[in-house]
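What follows is a pair of complexes built around chain A, which joins chain B in one and chain C in the other.
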Partner chain A sequence: METSYTIYKKPEFIETDTGNKVSRRSLISGSQNIVLGGKTIVHSKCTIRGDLRRAGPTHQAAVLIGRFCSLGPSSVLRPPYKTYKGTFSYYPLKIGDHVDIGENSIVEAASIGSCVVIGKNCVVGRFAIIKDCCLIEDGAVIAPNTVIPPFSVVSGGSPAKVVAQLPESTQEVFETRSKDNYSKFISG
Partner chain B sequence: MGRLQIAPRALVCKNTIIEGDVQIGNDTVVHVGASILAKKGPIIIGSGNIISERAVIVNNHSTPLTIGDDNLIETDARIEGRGMGHRNTVQVRAVVAEYSTLGNDCVVGATCSTAPAENVPDNTVLFGNPQSRRTRADGNPEHRFTHKKHLEYIHEMLPRYNHIIEAE
Partner chain C sequence: MNSSASYISPVSVLYYCPCTSAAKDHSHKADKARKASSSSEALEANEQPPLQPGSNLLALRVSTIENLYYCDDCSEIRCNRCVIEEPAGYHCPNCLFDVPTASVRSEKNCCARNCFQCPVCAHVLSVVENDLEKKPFSLACSVCYWDSREIGWEFEKATGISAQIERMKQDDHQTKEFANLLDYWRTVHHISANTASSMGLGVHTIGGSQFKHRFGASVMPKALTGAEIPVYKAATYVETDHSRVSSLMAIDNADYVSRLSANAATTAASNEPQRVRLSMKLARRCRSCHHILIKPESKAQATRFKIQLMAANFIPKITLPISLSPKLASDVVLPQKPLRAGTAVPVILRFSNPLYSEMQVCVSAHPQKDDAFVEIHAEEFTLPPFTELWEYDDDDDDNDDGNGSSDRSDGQALTKQRGIVDRHGNRVAIQLNIMPKIHSDNMVIPLRVVSTHQDDMGVDMDTDADTSALGSSHRVVTNKFWVYVSLGPVERNI
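Coming up: the complex of A and B.
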């Protein structure tokens, strides 16, 4: 599928050595606890809470993001929290490669696999686990602690349900799309 | 114009939007990117509340908007009502609509909304889509337990990574 180029103004984005493009208008706290895999785009007004990390003397990152991801405008990435054996802690939020998070979505998942597309205005509840090659449709509200199996299409609100399956070619399709999006996101 | 009063032990991040006459009580935490807008009347926030990023508390009336103690207001929630009691949870993207109030120990579930001008009684849980509600009988033990520890954790970690507004 042919898509058009997205042209941005050069001063708006910071490009790192590994090809990450991070908007200056994004809100990132605790950047030392955030890992971006490379060639990931962080759009404007995106909030990433790297300051909410594991309690105690660990050097574990709070938010881990893979390659070729896109974090949409006004999206929020926030590590999940719980009390386990009487101690309160936030736990890392892991995101695989080729993950596209749409505009205005809020993600508090424990882990998101590779090749996942999350639509606009979604809510992914605390400690949800989304496996590889999933499509979360616009406005879906995934309940806390849900596990979404691979190749699922998830839709609807509060709680969202699996409504269909994706074909085996999904991995290839989503990979190509995210690479294409990255290569067509250029400064003008 | 308005005055901002922050209690000595409150944690209010610098990257927040606070307008008008706002009082923030002890131990309350306001995360980065939250907005507290006292447009016409004052907003009085009690102690031990957590207000997450992108939450909006707005008072469009001349009467004060009062928030009790130990409430948890999550990401992108919107509070436009006249107030709430203690130990409520307003979940992700939930709305407390105009003129409405929450009692004590209420939960407004993710993306749910109260009806305009209603007074939600104590122990009510709003959930699901299509929206429904029930009354809880367990007295909210989980919230009481977790919230205290959550506050302790945030009071330790937040000042390490964020700029905090110093109380006067």
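Coming up: the complex of A and C.
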């Protein structure tokens, strides 16, 4: 089944030069520390905490998001934090291309690879690393410091576990899907 | 891998893999029939689907196109069941370290670095630093807050925890006994292998027959008796061994024997973190011709494939569009309301061509179907080749009666016009009229799809008779397969 067209009201979304579509009803803090790769959709009530950046003077961005991503409604993206050698600091949150984050999901990962689909109501714990081509099913709670290897299916429960492997075509499938979603997200 | 195998999800297009023997015979017959008569399409329309839509087996035999492979030597779809899997590299799923194949066995198939599983919740443990002076490091679980100091595991260094544990446990009687057992069986294996080969028995050895079972029951020769094989001597002796054995011997009621899992839980060893087991990448081959279908990069982190023959790159992909264009978003193509018996509904199927060459597609429904009446207007049509440029194209070629059909003969073009509702790039959407006849929980319609394209392979490929007549290196590839279109529940007529 193909995805259907989503038609939004033009004033609701800001479209940038690189094709990012950011809802005016999203909460973006510290936008100077956030990098959006292009053609990424930020849905309403999505929170991106760019203000939580590394302690001390640094030019590093707090949240890096690639191309063709979709940050679902009411999702939260928050850089992870830890106390290392007595100093409390936030660390950057890196997200690759073609990443789809579902509704109400909270992401505090250290890095998320490309072609990753995260379902609804998920929690990705602090400093979790999700490699390329993964599927995180709805309601999965990924514990802090977890590493999810490529082509994994992670299923619900706390802590969520790798339950299956995705087929070899996953990269193309997820890329096509995210491009399709972007092209079908149009103003009416 | 094949998560779709457990049930048929409503509103999906599933492909049937012809790997079961019954279907194979069937397709061979079809091949003969096709070769016998030139008007092949008429014959194929009368073919029976390999499985009836109501069959319970269906959910196990079909899968989405994403899960299927394609053998370009056999020109046949391959599924998980009809491929051979081979290891193509080992790695730790946690630290993603690539373990050389040579050291997998010596590391006991487990990660030899810092990766351990929590004995309580099986989550991966992390190395933490404590405020202790001598041995400041321990393993801690970030899920259940278990700490390895509970069992007295403290480490001097934060690296090579496995080696530190091994050093710690080398005086442990269990470790000693296990090493002794291993040595003993290696000797036995060595002796029996030598004796067996001298007797011309080849690989059938005592050790081999006990551990491998590779060749079924092996013959134990008379000569290989206790005389040559040394008697096993335990390396260590624990005071409680005899009392434990005698207490087990004295049991006369099986109810008092604790189950294996409960027994394992009470032994001390299970309170210890276990090393994370290694994963492997798989290469896949066609089961009938051993042609390689999937060859991954050996590195753990790489997601590329050196060889990747997926079905989606060879046969047309069929999807069920919800709406054909944004302007008509309200005009729902797919029946959103539940289907009703006796009421004909239009169903749109969109075919897309993954190849760089033009593809001829022929779709036919099984005529004597009993639970639904299917009418296909566009039984034959051409799928334009896939081009990257189409992505930048506008809706110019959306119109049916545009230039797309001008190069065809008039009579043919007319029939094609009837059923085709949308053309865009390498995709063609056709309309079927479906009238369910009976109530069912999930209406599934089998369709026979034949796709033909010219393959510009090298001249060394075996060519069909009709292509050699053309005198070119092109060969005509015909793919015939069944798809099952699942459309959801059919309501009873009120």
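In this section, the second predicted complex is superposed on the first by the 187 of 188 C-alpha atoms of A that agree within 3 Å, B and C clash if a C-alpha of one lies under 4 Å from a C-alpha of the other, contacts with A are read in each partner's own complex, and residues count from 1 in each chain.
One rule holds in what follows: contacts are C-beta pairs under 8 Å (C-beta built on N, C-alpha and C of every residue); 3 or more make two chains touch, one makes a residue touch a chain.
Source: prediction; values computed, not measured.
Aligning the shared chain A places chain B and chain C next to each other free of steric conflict. In the superposed model, the vertex angle chain B-chain A-chain C (Cα centres) comes to 120 degrees (nearest 10).
In the superposition on chain A, A:R53 makes contact with chain B only, not with chain C.
In the superposition on chain A, A:P149 makes contact with chain C only, not with chain B.
With both structures placed on the common chain, the touch criterion links A:S29 to chain B but leaves chain C unconnected. After overlaying the two complexes on the shared chain, residue contacts for A:V76 are found with chain B alone; chain C is out of touch. When the two structures are aligned on the shared chain, A:V123 is found in touch with chain B, with no touch to chain C. A simple residue count on chain A separates chain B from chain C, and the partner touching more is C. Contact with neither chain B nor chain C is seen for A:G19 once the two complexes are overlaid on the shared chain. Shared-chain residue A:G37: touches no atom of chain B or chain C.
No C-alpha atom of chain B lies closer than 7 Å to any C-alpha atom of chain C in the overlay.
Overlaid on A, the two complexes show chain B and chain C touching the same residues of chain A, namely 125, 158-159.
Remark: chain A residues 1-5, 7, 115, 125, 131-133, 143-147, 149-151, 153, 158-159, 161-162, 164-173, 184, 186, 188 touch chain C in the complex.
Only residues 27, 29-30, 33, 47, 49-53, 55, 76, 78, 81-83, 87-90, 106, 108, 123, 125, 141, 156-159 of chain A touch chain B when the two sit together in their complex. Across the interface of their complex, chain A is touched by residues 1, 3, 11-12, 66-67, 91, 93-96, 121-124, 126, 142-143, 279, 294, 296, 300-303, 305, 308, 310, 312, 319-323, 326, 329, 334, 350 of chain C. Contact residues on chain B toward chain A in their complex (touch as defined above): 15, 32-33, 52-54, 75-76, 92-93, 109-112, 127-129, 145-146, 149-150, 152-153, 156-158, 160-162.
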